[in-house]
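Here chain A shows up in two complexes: once beside chain B, once beside chain C.
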Partner chain A sequence: MWRDASTWAAEALAVFAKEWRCEFRTRYALNTLGLFAFTTLVVVSVSLGPVGVSTSRGTAVLPVLLWVILLFSAAAGLPRAFVQEEETQTATALRLAATPSALFCGKLLYGLTLTFALEILVTPVFVAMTSLDVKSPGLLAAVLAAGGFGLAAGSTLVAAIIAQARSKGTLFSVMAFPVLLPLLLIAVELSRGAVAGDPAGVALLQLLLYDASVTVAGFMLFPVVWNP
Partner chain B sequence: MEPLKKLLAGLLWLWMSAVIAGAFLYAPLARGFIGQSSRILFFHVPMAWVSFVAFIAAGIWSLRFLYGGRQPRHDRAAAAAVELGLTFGVLATVTGALWARVMWGAYWNWDPRQTSIVVALLFYGAYLALRSSLEDRDQRARLSAAYAVLGLVVAPFLFFIMPRIMFSLHPQSVINAQGKVEMEPRMVQVLLAGSAGATALFFWIHNLQCRLAALLERNSAPLE
Partner chain C sequence: MPAPRLRFANVRRRFGRLAVLNGVSGAVGPGEMLLVTGPNGSGKSTLLRCLAGLLAPDAGTIEYREDEGDPAVDAASRRKLAGTVSPDLAFYAELSVAENLAFFARLRRTPPDRGLAVLDRLGLPLDRPAGALSSGMRQRLRWAWALLHAPRLLLLDEPFQNFDAPGERAARELLAEHLAAGGLAVVANPSTLEFADVAGRLDLGR
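Take a look at the complex of A and B:
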């Protein structure tokens, strides 16, 4: 049994390593995602004007803008993990090489690292550019971690579904956003609380519950999505 | 078999007519509502209920498709349920918005109930978009079923968890948090009769849709 578990983990890690190796060959996701996030950041910051928004308004508005930037940047980069496999016709080889759940785990890890990298890049710049005063940075970091996890888990599963369809790009947004909206609403509420310095309360648990449900659903549904 | 079906359809027609008459003539007005606005309840609640039933049913049919032998009839049943759920959902949203204009002064204000139904409509709209962008029948059935099951997983967050962290003006459900029925008995009678009738109407149309889809599929199947 331990042997099975270790081959499974080795498969998942191999997929994860393969994703990043392919990524560093072209640096497509890193470049586009980074630039996309930076462009939207600049658009938001420029539109707010040189003075920015007042503290009271900023508490209400800025967390929303941060999550909108993160959501759309993730939507620009995450679906590629599966779309590329179908486009370069490597999906069949991958079906033969790895167990579906290990493959999903590897892809999920790749999505997670990509999302966390994005958050680590975007959030400090966003906070600096909008001169946002965060009262409890620890809570904000926790919300970003939990929210980023849900974002990656939901997007990875939806990406696996749309990769086999036509009109992939638009379909991803149409299909992923209703799934991610509950997460977004809870994360925005929590981020507002973190900026204002309120305690986290039960909403953080709800966010973790969402992460857990979507991850379990992902592991459960991925085999039927992946294998024809 | 045929006369029995006709009889049942006739009974349903009579039943729904009685519900409509009862909503206007038999049930009293609820206290604390402007004018006659509380009467929309007898149409709004059954529609919202039916769309909820339809989406849950679509999820169950999708589960049965995925894990119960991949039978095409389960896929057709799920797709038909989503189409009907969307229709009833739009009707519930519109009746709700009309009532909100009278009571709250605006058609739309992102009350948690309004948010959750809009996200549900977006989700099942996306389900239909996914179906229309997949050509292969088996692939379409498999992927859309997986998406519908994902909907079952996300739905509790929309319907039960989100309304709790946000402030809502929406009147309480028939059975509220205290588990008490705080409604005039005659109103409850009409409301339950309307919900039962609408549910029967849903399953009747659903049955017709499934049979139609089966015929269309048989006609358009390639010659082998």
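Take a look at the complex of A and C:
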């Protein structure tokens, strides 16, 4: 059993390593995410002006803007995970060689690292440019970690479902909306709390439960949507 | 005479209103090769995709056993056990030939040595990016990929397509060695001319 688990993990790690090796050579997702994040950060900072916004308005508005930037930056790169495999016809070789759950795990790990890298780059710059005073930085870090996990897991699952469809771009937006909406509502509310210094309460648990549900659903659904 | 390890009976497959396979049957035993012929669009590739587990037939049965007396494996196991050469197979353009083989060897849970040895016989530079391969070179990589895990069942769709004469000769030798070692092969080809000496034939022509 342990041998099976270690070979399964080796398969997942092989997919993860392949994703990053290909990404470092093409820099498709990195460039797209980076450019989108940079552009939106500049737009937000210029629109708010050099004086920023008042503390009360900032607490209400800025966490929303942060998650809008993170969502759309991630949406620009994450759906490629499976779509590119179909478009370049490498999906057939993967279907014949990979264990579906290990493949999903490898793609999810790639999405997670990409999302976390995005958050690590965007959040400090956003906080500095908007002069956002975060009262509970620990809670904000926890929300970003849990929210980033949910964002990556939800996007990977939807990307897998739409990969074989014709209108992939439209379908991703339509399917991602109901999957990611609960995550965003909870993450924004928790981020507001972190900025204001409020306790996390039950919302953080809800976010973790969302992450667990989407991940389990991904592992259960993926073999069905991936294979005939 | 050994019992067939691969049997398919009354396999049917439609794409919308178009019936591509209308009750196709066949069987292949150890050391045997089944040649599937027919004009373009007659369903050769569809049959091979069904046998490989890449397409689910609408009706009919497909049974494959690795060894005599073993239970028949399901489509998911067939996908992993069979070695497939198909024009649909593509590899990662950003990775070199060796990196592609190493990646799929890790997924197949086998060392890449056998695939590298096949490439050595077929003649293909390992450090070239897969995206920079000619069509004949891509076909060589497909053969190495298919034989990577030493499969007993080979499913070959137009296996000598785009090969030059030395490439085709080497691939024919690999196929002959596979059959001599007790392996099975199903080969789809539009013409019978390239396989004049094959006994088992299935004509999908209509």
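Throughout what follows, the second predicted complex is superposed on the first by the 228 of 228 C-alpha atoms of A that agree within 3 Å, B and C clash if a C-alpha of one lies under 4 Å from a C-alpha of the other, contacts with A are read in each partner's own complex, and residues count from 1 in each chain.
To be clear about the criterion, a residue touches a chain if its C-beta (ideal position, glycine included) is under 8 Å from a C-beta of that chain, and two chains touch if they have at least 3 such contacts.
This is a predicted model, so every value here is computed, not measured.
Colleague: For A:A203 in the superposed arrangement: first (chain B), second (chain C), both or neither?
Modeller: A:A203 contacts chain B only, not chain C.
Colleague: For A:I161, decide between first (touching chain B), second (touching chain C), both and neither.
Modeller: first
Colleague: Tell me which touches more residues of chain A here: chain C or chain B.
Modeller: Counting contacted residues of chain A, the larger count belongs to B.
Colleague: Pick one for A:A217: touches chain B only (first), chain C only (second), both, or neither.
Modeller: first
Colleague: After lining up the shared chain so the two structures overlap, which partner does A:V179 touch, if you call chain B first and chain C second: first, second, both or neither?
Modeller: A:V179: touches chain B, not chain C.
Colleague: Which partner does A:A142 contact after superposing on A: first (chain B), second (chain C), both, neither?
Modeller: neither
Colleague: Go through the superposed model and pick first if A:V68 touches only chain B, second if only chain C, both, or neither.
Modeller: A:V68: touches no partner chain.
Colleague: Just chain B (first), just chain C (second), both, or neither: which does A:A117 touch?
Modeller: neither
Colleague: Once the two structures are fitted together, what part of chain A is touched by chain B and by chain C alike?
Modeller: 228.
Colleague: Which of the residues in chain B come into contact with chain A in the complex?
Modeller: 66, 115, 119-120, 122-123, 125-126, 129-130, 133-135, 138-139, 142-143, 145-147, 149-150, 153-154, 157-158, 161-162, 165-166
Colleague: Taking the complex as given, what residues does chain C use to touch chain A?
Modeller: Touching chain A: residues 52-56, 75-76, 79-80, 82, 84, 86, 88-95, 99, 103-104, 106-109, 145 of chain C.
Colleague: Which chain A residues qualify as touching chain B in the complex?
Modeller: My answer: residues 157-158, 161-162, 164-167, 171, 174-175, 177-179, 181-183, 185-186, 189, 202-203, 206, 209-210, 213-214, 216-217, 221, 224-225, 228.
Colleague: Give every residue of chain A touching chain C within the complex, in rising order.
Modeller: For chain A paired with chain C, touching residues are 7, 10-11, 14-15, 18, 21-22, 25-26, 88-90, 92-99, 102, 227-228.
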